[in-house]
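Both complexes below contain chain A, partnered by chain B and then by chain C.
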Partner chain A sequence: MTKTLRQSGTLLGFAAIIVFFAVQLPETFLTARNLINISQQLSMLAVVAATMTIVMVMNDFDLSVGSMASLAGIVAATVFTMDYPIWTALLAALLVGAAGGLFNGFLVSVIGILPFVATLGTLTVFSGLAFLISDGKTIFGRDIPAGFSGFARGGIELGDVRIPFLTVTAALVILVCWFVLEQTTFGRRLYAIGGNKEAAHLAGIKVKRLRLLAFGLTGLGAAGAGLMYAARVASANPTQGSGLMLDAIAAVFLGMTMSRQGEPRVLFTLVGVLILGILDNGLTQMQVDSYIREILVGLIVIAAVAVASFSKRR
Partner chain B sequence: MHSLTFRQMSKAYGGVPALSDVSLTLTGGRVHALMGENGAGKSTLIKLIAGVVGADSLSVEKDGVPLPLASAQDAHDAGFRFIHQELNIVPQISVAENVLLGRPYPRRFGLAVDWPRVRAMAREALAFLGAAHIDVAGLAGDLPAGDKMLIKIAAALVADEGRQADLYVLDEPTAALTGEESEMLFAVIARLTAKGAAVLYVSHRIDEVMAICDDVTVLRDGRHVSTGPVAGLSKDQIIHAMTGRDVQDAYPPRRHPIGAEVVAEVSGAADFTLRAGEILGVAGLAEAGQSQLLGLFMGLGRTHDTQVRVMGGPTPATPAEAWARGIAYLPRERRAEGLMLDMSIRANVVLPHLGRYGLRAKAGAERRDAAAMSAKMRVKYDHIDQPVGQLSGGNQQKVVFARALYGQPKLLLLDEPTRGVDVGAKFDIYTTVRDLSAQGCAIILTSSDLPEMLGMCDRILVLQDGRQTEILDTEGLTSAALLTHFYPPEAAHLTQRPSMTSSAQ
Partner chain C sequence: MTRHLTLAVSALALCASAAWAETVAVITPYLAQPGTQAYVEGFEAAAAERGWDVNVIDTAGDVAAVISRIEDAVVQNVDAIVINVDPAQVGVGLMAAADAGIPVVGMDAGSDPLVAANVTSNGYGMAAETAVYVANRINGEGAVVMFVFDAFPPVQIRGVVADAIFGNFPDIEVLDRVTPDVSDGGIADSRAKMEAILAANPEPGSIAAVWAAWDQPALGALQAIEDAGRAGEGIVITGIDANPQARDAIAAGGNFEASIAQDFNGIGSTAADVVARLLAGEELRESVIYVPTMLVTSANAAE
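== the complex of A and B ==
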């Protein structure tokens, strides 16, 4: 009984938020245009949060995703300035993401540094690299090819509505993460590592290798989100991804309050992303100060997790 | 001598009764055993007495005077002390600090901690237990399991500043102890009762209960079955009361001959050849290298001077390789090393064998296979997707066995396979081990339960300080005779083998 309450509490809160905004903003909130807008606004966060779920399934963290997203945007933009074709820039950025993620994984699983410490270190390193490569400047204007930024403005026409490519990309990433975590033996093993690392090792799970790989995927996701961000604002600057990390972790935590044993699940993470994205959108429309918005988001995450851990104990 | 009476103890969880109307009278100076299978209500009863779980009904009288018992503080004030089976000491701090944990430290001028006094108090408490050999300044985590148990008892003693508590409740205190350490504990219990304390002793080990307890109360399915003096009861009568059925042979006998095929060859610190279907015991004092020897076959730890060949190949480099080659392993610590408690029975059983399903996980097939293996082990559960943590200890252990059975292993390594497991589950486990052996699986078993080793093993390899000293045939061997082989003779060894414990990781 308390369990169902705990599991559905976040979902009820989610519904309450939607109803609240629908009543407060009757003209603008529940319109196709606004909903599509929301989906596009939160597409980057969705990608980071979905791939963050992969490491959090193992009880690990990656604090470096925000600065990795910035770095990936800078890397792509720098390759653009050298007049290479678009695909080489994308490839370079994604490779940097995967390499950075694998480096995190190496520190955590091979060297054995706590994820918190290791990724706090690489957060600074990636951020510093982004500043170094860009010389601290924003790369924009003619340096960014129209084919790249146009992607963020384009979409798939479905009758009257147009689903933005960014939304489609995020949906695909979520689908892939869901498949990997829920439908493959690889995902089963990651959950086992999260359940008990030592027992997983003794039961023949290649814990080191899988942790390494999982961090690589998270890095790749962060770089992908960085590219989406750069395309959307048609520029790259060395701090533009920095807000993603805390929101992504918050989204996963919100999702964890909904699962049976408090474990992260991709689809629940998506609900967490939606809660944060809708709050952002609705409060902005109501012209609530962005600082107040931050306070609210923080309190909501704390409340959801507190309720979940409280009811779990009893 | 005091007399404590607990009347009409009842507790239900979510409408399911865990304990129904059980009464118990404990007398100072006597050791009272509480027995029953897993799920019989022993833990619930202890929790009620400890005041950590609110009872549906309960009344307590001390020498006919009613006592309040609504909280842990009430229990403490009433003079009840609890020593649990988990050795939850704090490993990173000193022995003395562990002994005084949660107590106000003696201070100088009400300020600085009076460390010499702290150590003196700890030393005093340990000396009372006959454990003066423990260095109170040393790290608690460095001590063997037996000494950790003594620290916990000392902590319970210090709590009373020399004043005797009225009741000590010991919950499976010997689960992690060797025979020798258990003997020491029994001496401590004798001392406590000699001073007038009542002891409630919870244990699965019937031999122990018959040796040290005066009275026994048996619970089954949350209900009181019988209470009476231990003297005059036979082991079979106690088992019958616990299980409600007649005793089968405690250990199923070997029915199939040992095969000819060599499964493992070891030389160096240990020296033996293991054949298909053979059950080899590994015995010795606590931490004589038993777990390390088993671990060698799983790729855990290395010895440069011990050569191991398994099924014609070298030692596996990792547990993953070991499982892939048909070596199954049941680790010593079920909760820490064996199971993902929050995860389903299904996930726990199929874990090492996920590769068989290919890249794509197949929930249906996993459920079917996990259910089949669990049925073989007679695991009692509601649903195959139920978290393992909800099962009783014995059923949890059967899940670890189901995992090992799944791959039809050629070599099975069992480290304390029946620790904290009730009589009924034990028999199921022994039957499984015999069946596997009959199918040609070689088994290496280590256990602190010597009758179990003698009942199940064909040969017993004795380790002293990480070195094999001999291999004994179990035919005609007794526990007492086996025990004498654990201790080094006075004279130095003529042939010193390199030690496994010192060179292993």
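== the complex of A and C ==
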């Protein structure tokens, strides 16, 4: 009973938030346009959070995703300035993301550094690289090809509504993460590692290699989100992704309050992302002070996790 | 728990929703910076007089979130949007506002076809004022060291104007045109560069003045000159922006003699005027609106 309450508490809270905004903002909140806006605004966070879930399944962490997102944007923009085609730039940025993620995985699983410390280190390294490559400057204007920034403006026309490409991209990434984590042996092994690393090792799971790969995927996701961000703002700045990391971790934590054993699940992470994004959107429309908004978001994360751990103890 | 919070939010919202009035969203990633705070305060004061409902949104450095908040404001159907961010980076949001017919006004934001008007200080004017101050103080003759930064357009234009003014005095020689490394804030490297120039020109009087395109190099040059024991030579230093550290140095009455203060509050209140004109249906002819600046010398630095 308490378990059900715990699992559904966050979902009820989510529903309450939606109902609350729907009542307060009857004309604007539940409109197709606003919901599409929210989905687009959240797309970058959704990608980072979904791929962050992959390492958090193993009770690991990646603090470097924000600076990796910035670095990926800078790498792509720098390649753009050298007049290479768009796909080369995207590929370069994604490769940098995967390489950076694998490097994190190497530090954590092969060298054996605590993920918190290892990725705190690489956070600084990636951020430093982004500054170094860009000379600390924002790359924008003619350097960013219209085809690239146009991606963030375009979408798939479905009758009256247009589903933005960014939303579609995020949905695909979530789908892939869900499939990998919940429908493949790779994913089940990651959950086994998260359950008990020693037992997983004794059961013949190649823990080191899997952790390495998982971090690689998280890095790749962070780079993808960084590219989406750069397309949306039609520019690249060495710090622009830094806000993504904490929100992504918060979203995964919110999601963890909804699963049976408190383990991260991609679809629950998505609910966490939606809670954060809907609060931002709704409270802005209600003209709540942006600082009060920040306090509220923090309190809601704490409240959800507190309720979950409280009922778990009983 | 969540529901209690939700109740708290609704209580807040009820307090916040004032009687029907024009709503203006002010959106910036830079509210933590003193200049931006002053713009916003100036805007809020002017808006309060007009009875507008102003929603100030700070995205804490996140530029993509500015786009999101512009989209939110468009959905909310505000009457006008004021931004303090480079318009080139938030083009998607500006297009959403343009589609909805909501005017966008910039506060020191940069020019863009989708911004009805940008309210800012005249960088050309500021540079002219300090460069002429230098030229007059040294009676139109002597060697001048310039600190410039051509990679950043708003500072680049200052250098161009100073070049023209010094070039117009036949007896003024530009000894060096230095671009300091600004990654540490600009003071330390400017100081190092100035120390090298002082060492290369040891004769008293061989450097008449230092013109800096902003305050940090002026402060660095001041430190170098004082530490080299050459403060008594009467080298004139000027900066631009009149930040608090520069004001202190100017008030102390040493070599750092002048800087230019932008009227940040005035930029905010002028932005409110521009919004009012747009809401009244006026078509603006000029896309950049300048707010007067003020020369700061030891006479008024303490104000």
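Just so we're on the same page, the second predicted complex is superposed on the first by the 314 of 314 C-alpha atoms of A that agree within 3 Å, B and C clash if a C-alpha of one lies under 4 Å from a C-alpha of the other, contacts with A are read in each partner's own complex, and residues count from 1 in each chain.
Convention: a contact is a pair of C-beta atoms (placed from the backbone, for glycine too) under 8 Å apart; a residue touches a chain by one contact, two chains touch by 3 or more.
Please read all numbers here as calculations on a predicted model, not as lab measurements.
Once chain A of one complex is fitted onto chain A of the other, the partner contacts of A:Q261 are limited to chain B, with no touch recorded for chain C.
By the touch criterion defined above, A:D289 reaches chain C but does not reach chain B. For chain A, the partner that touches more of its residues is C, with chain B and chain C as the two candidates.
Within the superposed three-chain model, A:I17 lies in touch with chain C and out of touch with chain B [touch as defined at top].
In the superposed model, A:L202 lies in contact with chain B only, and not with chain C.
Once the two complexes are overlaid on the shared chain, A:R188 sits against chain B while remaining clear of chain C. When the two structures are aligned on the shared chain, A:S309 is found in touch with neither chain B nor chain C. Legend: residue contacts after superposition of the two complexes on their common chain; A:T81 is shown touching neither chain B nor chain C. In the superposition on chain A, no residue of chain A contacts both chain B and chain C.
Residue ranges on chain A touching chain C, taken from their complex, read 9-10, 12-13, 16-17, 20, 24-25, 28, 31, 33-34, 37, 40-41, 44, 131, 136-138, 140-141, 149, 152-153, 229, 232-235, 237, 239-240, 242-243, 280-281, 283-292, 294, 296, 299-300, 303-304, 306-307. Put simply, chain A touches chain B in their complex at residues 182-189, 191-192, 195-196, 198-206, 261-263.
On the side of chain C, the complex with chain A involves touching residues 1-3, 5-6, 9-10, 12-13, 16-17, 23, 53, 55-65, 67-69, 71-73, 75-77, 86, 88-92, 95, 151, 182-183. For chain B in complex with chain A, the residues that touch the partner chain are 298, 300, 318-320, 322-324, 329, 331, 336-343, 347, 350-352, 354-355, 357-361, 387, 403.
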